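Residue numbering begins at 1 within each chain, and the chains themselves are lettered A, B, C and D in the order written.
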Amino acid sequence: MERFRPGLPNDITFPDKPREECGVFGIYAPGCDVARLTYYGLYALQHRGQESAGIAVADGKKVQLYKGMGLVPEVFSGDQLSQLKGNIAIGHVRYSTTGASHAVNAQPLLFRYAEGVLALAHNGNLTNVTELRSQLMAGGAVFQSSTDSEVIVNVIARSNRGDLKDALTKCMIDIKGAYSLVILTEDKLIAMRDPNGFRPLCLGKLDKGYVVASESAALGTVGAGLLRDVEPGEIVIIDENGLESFQVLQPRRRSHCIFEYIYFARPDSSIDGFNVNQVRRAMGRVLAEEYPVEADIVIPVPDSGTAAARGFAERSGIPFEEGLMKNRYIGRTFIQPTQDMRDLAVRIKLSPIREVLAGKRVVMVDDSIVRGTTSNKIVALLRDCGVQEVHMCLSSPPITRSCYYGIDTSNEQELIAAKMSTEDIRRQIGADGLHYLSLEGLLNIFGASRDSFCTACFDGNYPVEVVKPQETGKYSLE
Amino acid sequence: MERFRPGLPNDITFPDKPREECGVFGIYAPGCDVARLTYYGLYALQHRGQESAGIAVADGKKVQLYKGMGLVPEVFSGDQLSQLKGNIAIGHVRYSTTGASHAVNAQPLLFRYAEGVLALAHNGNLTNVTELRSQLMAGGAVFQSSTDSEVIVNVIARSNRGDLKDALTKCMIDIKGAYSLVILTEDKLIAMRDPNGFRPLCLGKLDKGYVVASESAALGTVGAGLLRDVEPGEIVIIDENGLESFQVLQPRRRSHCIFEYIYFARPDSSIDGFNVNQVRRAMGRVLAEEYPVEADIVIPVPDSGTAAARGFAERSGIPFEEGLMKNRYIGRTFIQPTQDMRDLAVRIKLSPIREVLAGKRVVMVDDSIVRGTTSNKIVALLRDCGVQEVHMCLSSPPITRSCYYGIDTSNEQELIAAKMSTEDIRRQIGADGLHYLSLEGLLNIFGASRDSFCTACFDGNYPVEVVKPQETGKYSLE
Amino acid sequence: MERFRPGLPNDITFPDKPREECGVFGIYAPGCDVARLTYYGLYALQHRGQESAGIAVADGKKVQLYKGMGLVPEVFSGDQLSQLKGNIAIGHVRYSTTGASHAVNAQPLLFRYAEGVLALAHNGNLTNVTELRSQLMAGGAVFQSSTDSEVIVNVIARSNRGDLKDALTKCMIDIKGAYSLVILTEDKLIAMRDPNGFRPLCLGKLDKGYVVASESAALGTVGAGLLRDVEPGEIVIIDENGLESFQVLQPRRRSHCIFEYIYFARPDSSIDGFNVNQVRRAMGRVLAEEYPVEADIVIPVPDSGTAAARGFAERSGIPFEEGLMKNRYIGRTFIQPTQDMRDLAVRIKLSPIREVLAGKRVVMVDDSIVRGTTSNKIVALLRDCGVQEVHMCLSSPPITRSCYYGIDTSNEQELIAAKMSTEDIRRQIGADGLHYLSLEGLLNIFGASRDSFCTACFDGNYPVEVVKPQETGKYSLE
Amino acid sequence: MERFRPGLPNDITFPDKPREECGVFGIYAPGCDVARLTYYGLYALQHRGQESAGIAVADGKKVQLYKGMGLVPEVFSGDQLSQLKGNIAIGHVRYSTTGASHAVNAQPLLFRYAEGVLALAHNGNLTNVTELRSQLMAGGAVFQSSTDSEVIVNVIARSNRGDLKDALTKCMIDIKGAYSLVILTEDKLIAMRDPNGFRPLCLGKLDKGYVVASESAALGTVGAGLLRDVEPGEIVIIDENGLESFQVLQPRRRSHCIFEYIYFARPDSSIDGFNVNQVRRAMGRVLAEEYPVEADIVIPVPDSGTAAARGFAERSGIPFEEGLMKNRYIGRTFIQPTQDMRDLAVRIKLSPIREVLAGKRVVMVDDSIVRGTTSNKIVALLRDCGVQEVHMCLSSPPITRSCYYGIDTSNEQELIAAKMSTEDIRRQIGADGLHYLSLEGLLNIFGASRDSFCTACFDGNYPVEVVKPQETGKYSLE
């Protein structure tokens, strides 16, 4: 159990807009223990969500669901897994910002409607959910959670008149924003990805079936090989007749989330054609080109800065070192230092190696700064060890805008780069130099695909219109 | 944590028809800690349901919900209670027959719909739920649980066009069967009881507000006094304008559940005009009249047979004794005896007092026999202590039919009295005599009100038509 | 999980002198699942201690131990029980007054010493433990807990030079006070009872072995029959050679704890020749003779006053009624009412039946009053229901002195009867009459055995000299 | 929660000889929250033991202890920490091989003896513990655990006649083997290290006090600076008079555990003059010199092979890459793959990056091979990704002998290098090349200090005589 966002503490909560980063997984594999394979798949996606986990299994006739709060191995016991028998399964891990009562938001959600049973796991964030919900409620719908998923199922239920494919198509036309969905019926596994392709979703092949997952790293864990990514605007239906694909909406300009490469995804995943580790390495190389500095060593802020730091070292010729150790045991129940021990807060999580650092001019590579509350402490830690110069390099451009497509960035007032110049930030964090990767440099890494990414959090170019939620208090559920 | 149904083991499960006995509670009390009072109210109703517990609280603007699996004190911590702030609250305890995945069935349920937010707690069983659900699904509704409550809310949501009172009235017209409902909106507490008055529901008065509860015993626990029962077919709405009552449906022939008096309710509750303890005492007296036997002592099967045994002793002149002790610690996690220790199973729960029993002719009074799997063991236990004669008297007539109004009897194939004559049952349980209270004798206890009760489980006279559920597998949720 | 001492709240703690009421159990039964049988035996003794539970099992060669904090079914899972394989077992349940860190005090304790392995479970309280511990420490002994048991084992270890019987004899000569001990070695089950016979200990017979237990009620639970009580001053050794008995010390004047009959023991137990239920019934009859009062009904404070109330009704001819219902679900985690709800505190636990009580003159029978903090609330509860007169009768004489033989009474400053006259107490609790059973009347119940009991808590006649502990702070362990 | 020994599975258990790798911590800091600082100190040492954790605190008069099974943050809640008030504290984390019943082995242990109270935390393994225990038992001592610590305290208790310093000196003379001890009395913090200096122990300085810890990395976490290592054969006593040091035994030939550098210790610790990270880097460089191979990339088995892999890359000029990702969430409750999924077992924990590996000749650096059960699976994983050649390099010589000084290696029959030649091992694991770091090369890294290390597990030169335990079954405790 460790913290996953060095610059984005878990304790920032947005009760007004529950948006989260999640991981989804689905498997169609007659004859296999699909619940257990989903368990391993979710486990490989654990970094995408640590708050809740759930698995739904279908055996051709009925659908069973088990979910709970906590990490995958905390939620499931062997007994529970064994009871989930079937040929098809979907799973979900969820990162969120909230308390116990939100167990109701854990996924997959399981619904019975006129045409049968449907379970759904969702990664993303709809931008027209308020509008959709209002329309649905006007038609008599009731909602038990604040999840987009419940809205999606109601949309499907309203339009399904015996032809699921048709209903899914209508659904895709109605819902706007970011969504990578896996859906389970009594006998089908379905995958859908929004026409912009915001969130990742890939397709894998087993000897006896198929797998869909947020990241390709989850395929290897269950012994599957990567087939391809699910296309933006595509619906994939897998059942006893095999795999059927529908390009429902022509992919608009692709808008893959570039932050998956910068920070979220596992280095061993390949997303929409690019291996994450290779991209991060390249970011480091570009950083070295953009920021030619004289220094003695390059160190990462572990773990997310490691690949970029290596790329920086490679290109610059400055030796790579591990100057900071990360304590891997920080968990949810960890007792934080009291006020008077505040200077220990960073030391408990990051420990500098004095032998590596003392007397050196250091380039320190991190992935991003969001609110800017930690970087100054890390710089101070280095100074305490006798570091002479600290040059901080970030493998992302300055984050100046909020994300509305499934990532829980801070709201704009809290984003340090929305309020201060790079020079002011440098001064505040106490570094001798501060360099953000240029957006241009970042995009160039992807070559011919350089226009296939969403860069809204850097430049405000939101690919899909965002309606800010203004729901009144009288609807509030908790 | 103890088992509550000597003749009706917890391990009888009906996956096909999840009907349960529950307890509901509601309070409107501005200025009071309504969550904590609901906690005590539910605690007083704990015998009506030990599987899950939940509380929803409204503060005039928003509604908060907390619920979980387990006994009331297991589900709520002091911290959680403190976070539930408001002026109005409802609560629910639920007895059920199923596993962990049914957390989704825990109540209250909380819904957002076009007109606002609504939380609902239900005791009873609708008889036209399949039909209603089909109609609603045909209109696009989706269901996340197998509870009647979700159906009821959908019915309300469909018909509510700005006038809640109107929508509740329409709802009462649409739903059939047994229901005692407490409903919470942002600023109202609502109570509804079906026109037959199957399940109990009473109204209490606080200095500063009102209470509704399944049983009057829950009123004293929160310092309220009994005002009256909610009438069959009545809707009560309590808000800042005080209490308003609507006799929506003219009460048909009342059909109060007579098993509340025989077994379910607390002895210190008064339901529809009769104190439970007094009724049980009278049952014993009638038993003594109906079954004049020579015996040395009268003993109860504790605890539910105690009051009737006392009545029997009173009328017959045969001394009352406590010949069986009940171990009060049997809990969910108790490890059952293995096959080869099977004869210990009863001894662990019931312990005979040899000094009281040896050499005696014993009248043993119990409330009822359902499947007949335990009585023979208890009789054998007495014989082991040197009891000379065992006369078993039951304070209910033979149960020969299933209940469809909110009680989880076995299905008819398992009901021993549906399959065997009283004489055969006597022989099977090894008693020297066996007497069931006559239905006539039972009803006479209630004097002029003798026609106000449902006796369907004894004579098959179902007051409300029952549609047996035949839902197909494809809808099954778990 | 319910509270067990109506007049003796759990929250009185004595950090200075950790004395507790406990239950012990032992079984020698080759070929049987002795761990599971001990589980049922402890379960039957659960009322003697709810804080911790433990079982040690021997298989002829080695000894295994499992123990933990909580009720018997909370401490043991089926898996854990299954791992405890062997022919001999002992078990212990412990009532105590303290926090988590005292897990170190849970029993049985398991020791290795020069002659082998020895596990020990103890009920009682040594009166010379300070002196013994000092002597042992002077000889180099170290102590890891504040239990008497650790002292006893050290005493045995010091004197055992290859002859266990001899060592046990020496031990019995050295230790003073109250002890009922069950001891387990690799191949033997041993039971020892102090020469005064303070705490109960009985011997039972199985088809294939023997059982020892604090109360005979635990014998039936495992299918054993009562053979006899272990004699004061007797050591019983059970092994493959059968049962051997040694009357090590001539029983001095017997000093059986009379409070076992008044309050602690189960009604279905027989201790030193007297059935507890019968004795309690007799107490009620004597009360009725000593306190002839005109009244309409006799009610017990449930559950401990029930048998005596019945005896009172029997002798006086005043009808017995159940006027107070006890809520059986009060557990450790129950959230207590806040200050402003204080008048609810009693109502939550005890609920009056108005129909029984209103307008009546009531004799209320309880077992004892210790600090006098609850009785006034119960009396007020009755008055609220319209009771006209309340006569409180107690089946024990006034408690004026502390116990040093294994019962956790309050210290003398807190005992209400040590500070106030009966008339003052009556006024304080608000009763119209108050009568304590006379010591003379109490003892007469036992006929020729009337001099075989310890009555120190009533009259200060301590049968064994008590050295008040004055250990210095520097030794304090927590 | 992750496993920490890639080559040494947790499931090897040694019921006969409970030896473990542990971490100890002590602090003397009047005016500070010593319990909380110890919590952070233990947290920094968590890698040395994940089974149990405990803290003892002294306030000058009394000593309090809290300990439990699990990781540091699992064992302690904020409330519990807050109750541990004082000026001095010691703590312990323990790695072990056994089940729940060994809670009794959790440390620190707390003892009362003739001269007061003493708590003790131990890292190491005594070699004459059987002999000592027998002597002590012959003198009447009893033992409640199988820990060396209990033996040590008894040794101290026997010889302490009012002069603690004297008793500690005598103790050091009596006990043989490996021990780094921290001891707490009511008002003193004591540190002792065996005359060979097997296990690490260092001394740190706070503004207002002192710290002792197994590794220097724990000093920074509490804001302390490294003063020096505790010398072999030294006793340090810290109290209100400051720090006093006694060189009790002249250090014999130093025998520091060389495996601390190879595998156990944190890279950011410095032990006996050498920084662990630097040493590991040097190991890699020596490996590159000893094994000149043509290859395309050097990859580590994460995390323990990383530093050495970097050193190898540095010296060889072959590019360093991260070709294997480690899943960081593997915890105790993780559900292992079933038999038929066995080939997934490694994939769940280690995930290869195909983009890095395909078509390459790879040097893979790991720290050690113990039983050889995992390496073949990792090699196969690489082959699956299209790796052309796999050269496995280990930063330790072959392990051929068991450790008796506090490390839980397998017994010799299970050590692969004790049974097979390097060539046979290479063939078994399926590598194209296999090279172990030479002992000569390893020792040379330490220059002039090259003779200060224990290399028994490589060459069988045991610095302190080992008496193999042959305790009979009758003493066995569990």
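Definition applied: a residue touches a chain if its C-beta (ideal position, glycine included) is under 8 Å from a C-beta of that chain, and two chains touch if they have at least 3 such contacts.
Protein identities per chain, from UniProt: A, B, C, D = Amidophosphoribosyltransferase.
Because the structure is a prediction, the values reported are computed rather than measured.
**Student:** Could you state the distance in Å from the CA-based centre of subunit A to that of subunit C?
**Tutor:** Computed from C-alpha means, the inter-chain centre distance equals 59 Å.
**Student:** Give, as an integer number of Å, the spacing between the C-alpha centres of subunit D and subunit A.
**Tutor:** That pair's centroid distance is 36 Å.
**Student:** Any idea how many Å lie between the Cα centroids of subunit A and subunit B?
**Tutor:** Between these chains, centre-to-centre, one finds 47 Å.
**Student:** Which parts of subunit D, given as residue numbers and ranges, touch two or more other chains?
**Tutor:** Subunit D, residues with two or more chain partners: not present.
**Student:** Treating touching as the only link between chains, describe the layout with one word: line, ring, star, complete or other.
**Tutor:** ring
**Student:** What are all the chain pairs that meet the touch criterion?
**Tutor:** According to the stated criterion, the contacting chain pairs are A-B, A-D, B-C, C-D.
**Student:** In the complex of these two chains, what residues of subunit D are touching subunit C?
**Tutor:** 61-66, 80, 99-101, 103-104, 109-114, 116-117, 134, 137-144, 153-154, 157-158, 186, 473-478
**Student:** Which residues of subunit D touch subunit A in their complex?
**Tutor:** 1-2, 33, 36-37, 39-40, 43-44, 46, 71-74, 76-78, 81, 217, 220-223, 266-268, 270, 275, 277-278, 306-307, 310, 320, 322, 325, 327-329, 331, 333-335, 337-338, 341, 343-344, 347-348, 351-356
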